[in-house]
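Take a look at the structures below.
Shared between the two complexes below is chain A, which pairs with chain B and chain C, respectively.
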Partner chain A sequence: MTSLELPEVSSPHFSTQATYDGKLIRVHLAGNADLHAKDALESLLTRLHAEIQRLGASEVTVDLHDLEFMNSSCFKSFVSWISAVQDLNADKQYRIRFLSNPAMLWQRRSLHALKCFAIDLIQIEQ
Partner chain B sequence: MHPQTALPDEFLARFRTVALERLERLEAGWLQLTQSGDEGNLAANMRRDLHTLKGDSRVVGFGDVNLLCHKLEDLLTLAQLRSYQVPEDFDLVVTMAIHFIAMLLRKRVGQTVGGIDLAGFVQQMDDVLREAQAQKPQPIRPPSRPPSVLASLRADRLSRRTRHYLAAAATTVWLEHAVASGRSRDRLRDVWLALTETLSVLDSEPLAPRLARHVHTARQLARDLGKQIDVALDADELTVHAEIADALDTALLHALRNAVDHGIEDPASRRAAGKPPAGQIRIRVRAGAERVELAIEDDGRGVDLVQVRRRAGEMRLLPPHGGELSEAGLLEILFQPGFSTKSRVSEVSGRGIGLDAARAALAAEGGTIELHSSAGRGTTVVLRAPHSGRHLPVHRFDATRGGLVLAAPAEWSVTLEGDSAAAGAGAGASASASAFDPVVLLLAPGTPSEAGGRAPITLRLSKGGRVVQVRAGGAPTPETAERLCATSDDHPAEVVSIAGVEALLLHPDVLPRKS
Partner chain C sequence: MHGKEAYVELKFCPNVELIHVVRRFVSNFYERLLADADATSRLALATHELLENAVKFASDGESTIRIGVTKERGLSHVTIRTWNRSSAENIATIEKMVDEMSAAQDLFAYYQTVMRKNAKKREGSRLGLARICAEAEMAIDCQIFQDEVCIMARTQVRTESPS
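Presenting the complex of A and B:
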């Protein structure tokens, strides 16, 4: 099995963890994605995009269940990521499944708005 | 809506480039607003950017962009009401809306917009707006950085006398800096800049509170008169020089009072004329590059020119030989002091001190007032005033030393004294013994003046029988000066800017007269 080459972020307020079982890629975000996390998140998503293509995965799950807050700068990183997926040829595009936490009010509206950027590619689940 | 394909590619490319630049500014501005609040004209500039993008997108047929801009305007308006203390999802949706628009703009070039859920996104914007409207405003958080001293000064309007004292001090510092050298010169310049910035803030005032007050007063007046009005305020947010704010305030007061008292009919008369019972008054405020314009439009009965002609005849204001006045001429009579079409004086009007007072207030600050009227359809009063009220025509000339530029108000006539006319043309000449060197005089009164590298000439400034002689390093040229920190009339000078160059404007009235 080819392994996922994705560095983990581990800071007091924001952390990421990625797994790959040979079929599914899953990225778990936790803490506060604020201005301090912006560079790390941007770097993570850029690398994730490259890894998904390298591994030929058709779907990635982003688990936001433990992500307490994301500011607009970090959200922009997701918008850029989604744009990058849209810019791929149709046969290279992959789906993004967000696992949301209904207890986090900020996720409810903003994830649905995010889905509107690429309704064919994004799925929101609880 | 124009079909997009009908527009040249280069036109669309230009639109796209400019639109993306606007979005960049909007995003940066939104971030600043939510972090630091509104400072300066940031919010107003953003609204202009967004409104222009909205209009442009309609012209080029980007209906989806136009729709999102419109929704974004709604969100920004509410955010402003909440002092930009908005919920997190509100903040996120605004940011995403800006990116959504950018995505629509980018994808337009030969690409499908499939997969983009515009309706869904608009729904999210509507929902977040509705929820935010339903919520009570959050308590204002303390700003992330302490408010500047200047910001707190804005609330206090210093007396003109105090401002003049500060301006005189600033002028002295500028003069010291102008003749200093090395680090002292830099330090003095820093002090000068700090002082002028303070003065600029002290001299400025936002228009919005005044407009709101007038709208309230107009509604109250209408109620008192048994009339109904709807007042719409369509205003750019702007700050103007305090004296300009005063002038516009005076003019707006009279224009609105006239609209309610003379223009808008009572509900029964309006119904009879086929109009809705409530009169419509629209106040539109626009900031141009150099001037601010206020238009007050009403849909009332318009000016009764027959009545104006009759009253003008009674007041002997018509041409003496019975000549006919044009419509414009009759409207101009409304600006005559003491003129009123009302034969009885009421609490509201009839004394004939309305439009002439408005015109006088504006004229004192370099502004104008226009009146347009259409019988049965309404009246529009347009007030225009410079932003700063600080421009004035001058004679510009070089000082004899220090590379300084001097100026004198253009209301003073200036001639080259005696042989110095030849000096102005390049020949050498000695200065008149009775002339003074302004720089020497202002820095060290009583010090004998010294010519610099160039042979001085003497300028003779005269106005109304008063004559002042000034030594100068060159012949005068007509220019327009911007007053940077106006001193009082009894101060000998102030600093101005002429074509971007700082200069010392002399006040000849208080300079030594020709002996």
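Presenting the complex of A and C:
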């Protein structure tokens, strides 16, 4: 099995963890995605985009269950990532499945905005 | 406290560490006054975005935030204001965005346009104010006094059943 080469972010306020079982790629975000997390998140998503293409995956799961908040800078990192997926040829595009936490009420509105941005690529689940 | 404004006002030095602390503090304030989890979440988001803008763009390192809630006839009128000194370039950018938002017929469509326009840009998100309008459902206005900019976000929350 080819491994997923992604850096883990581990700071007191924000952390990420990525797993790949040979078929499914899953990225878990936790804490506060604010100005402190912006650079790390942007690097992670850029690298994730490259890794998904290298591994030929057709879908990635982003688990936001433990993400307390996301500011507009980090939200924009997601917008840029999704825009990069849209720029790929149709046969190279992959789906992004967000796992949301209904108790984090901001997620419903922010994920709705992302879904509307790329309705064919984004799936939202609880 | 009908008709009387409940408020908090904080003078803020540009310490990014403190923003999420303030967001949690004001979330408790909103929760206590409004007893509405959805409104609390929207207002906390707006407060965070306004604070980050103020901290990022304050030219002398100091920003002030004032959050006021006035209850009248079953409605809570919430106003969040931030003040900071800023560069002429930043002030012009803010004025332009506020003008665009005021002119927009559909704020969610405007938000999507701003997302699309800035998706490929490396510097700055430029999404904060549009996000406040579209996600926090607040009206945005600004006032300029020489090099000082005051941004105001306003909304109404139903707090009691109409009698």
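The criterion applied here is as follows: the second predicted complex is superposed on the first by the 126 of 126 C-alpha atoms of A that agree within 3 Å, B and C clash if a C-alpha of one lies under 4 Å from a C-alpha of the other, contacts with A are read in each partner's own complex, and residues count from 1 in each chain.
Note that in this section a residue touches a chain if its C-beta (ideal position, glycine included) is under 8 Å from a C-beta of that chain, and two chains touch if they have at least 3 such contacts.
Keep in mind it's a predicted model, so treat the numbers as computed, not measured.
Taken together in the superposed arrangement on chain A, chain B and chain C clash. Contacts of A:Ser83 after superposition on the shared chain: both chain B and chain C are touched. By the touch criterion defined above, A:Phe69 lies against chain B and chain C together after alignment on the C-alpha atoms of chain A.
After overlaying the two complexes on the shared chain, residue contacts for A:Arg109 are found with chain B and with chain C alike. Look at A:Ala50: by the touch rule set out above, it reaches neither chain B nor chain C. After overlaying the two complexes on the shared chain, residue contacts for A:Asp34 are found with chain C alone; chain B is out of touch. Contacts of A:Asp120 after superposition: chain B is touched, whereas chain C is not reached.
For the superposition on chain A, the stretches of chain B under consideration are 8-16, 134-142 or 278-286; the one running into chain C is 134-142.
Comparing the two complexes, residues 69, 71-73, 75-76, 79, 83, 105-106, 109-110, 113, 116-117 of chain A contact chain B in one case and chain C in the other. Within the complex, the chain B residues that touch chain A are 30-31, 87-89, 91-96, 99-100, 103, 114-118, 120-121, 124-125, 127-128. The part of chain A that touches chain B in the complex is made up of residues 69-73, 75-76, 79, 83, 86, 105-106, 108-110, 112-121. Contact residues on chain C toward chain A in their complex (touch as defined above): 16-17, 19-20, 23, 37-38, 41-42, 44-45, 48-49, 52, 56, 108, 111-112, 115-116, 118-120, 124-128, 131, 134-135. Interface residues of chain A facing chain C in the complex, by the touch rule stated above, are 13, 32, 34-36, 69, 71-73, 75-76, 79-80, 82-83, 104-106, 109-110, 113, 116-117.
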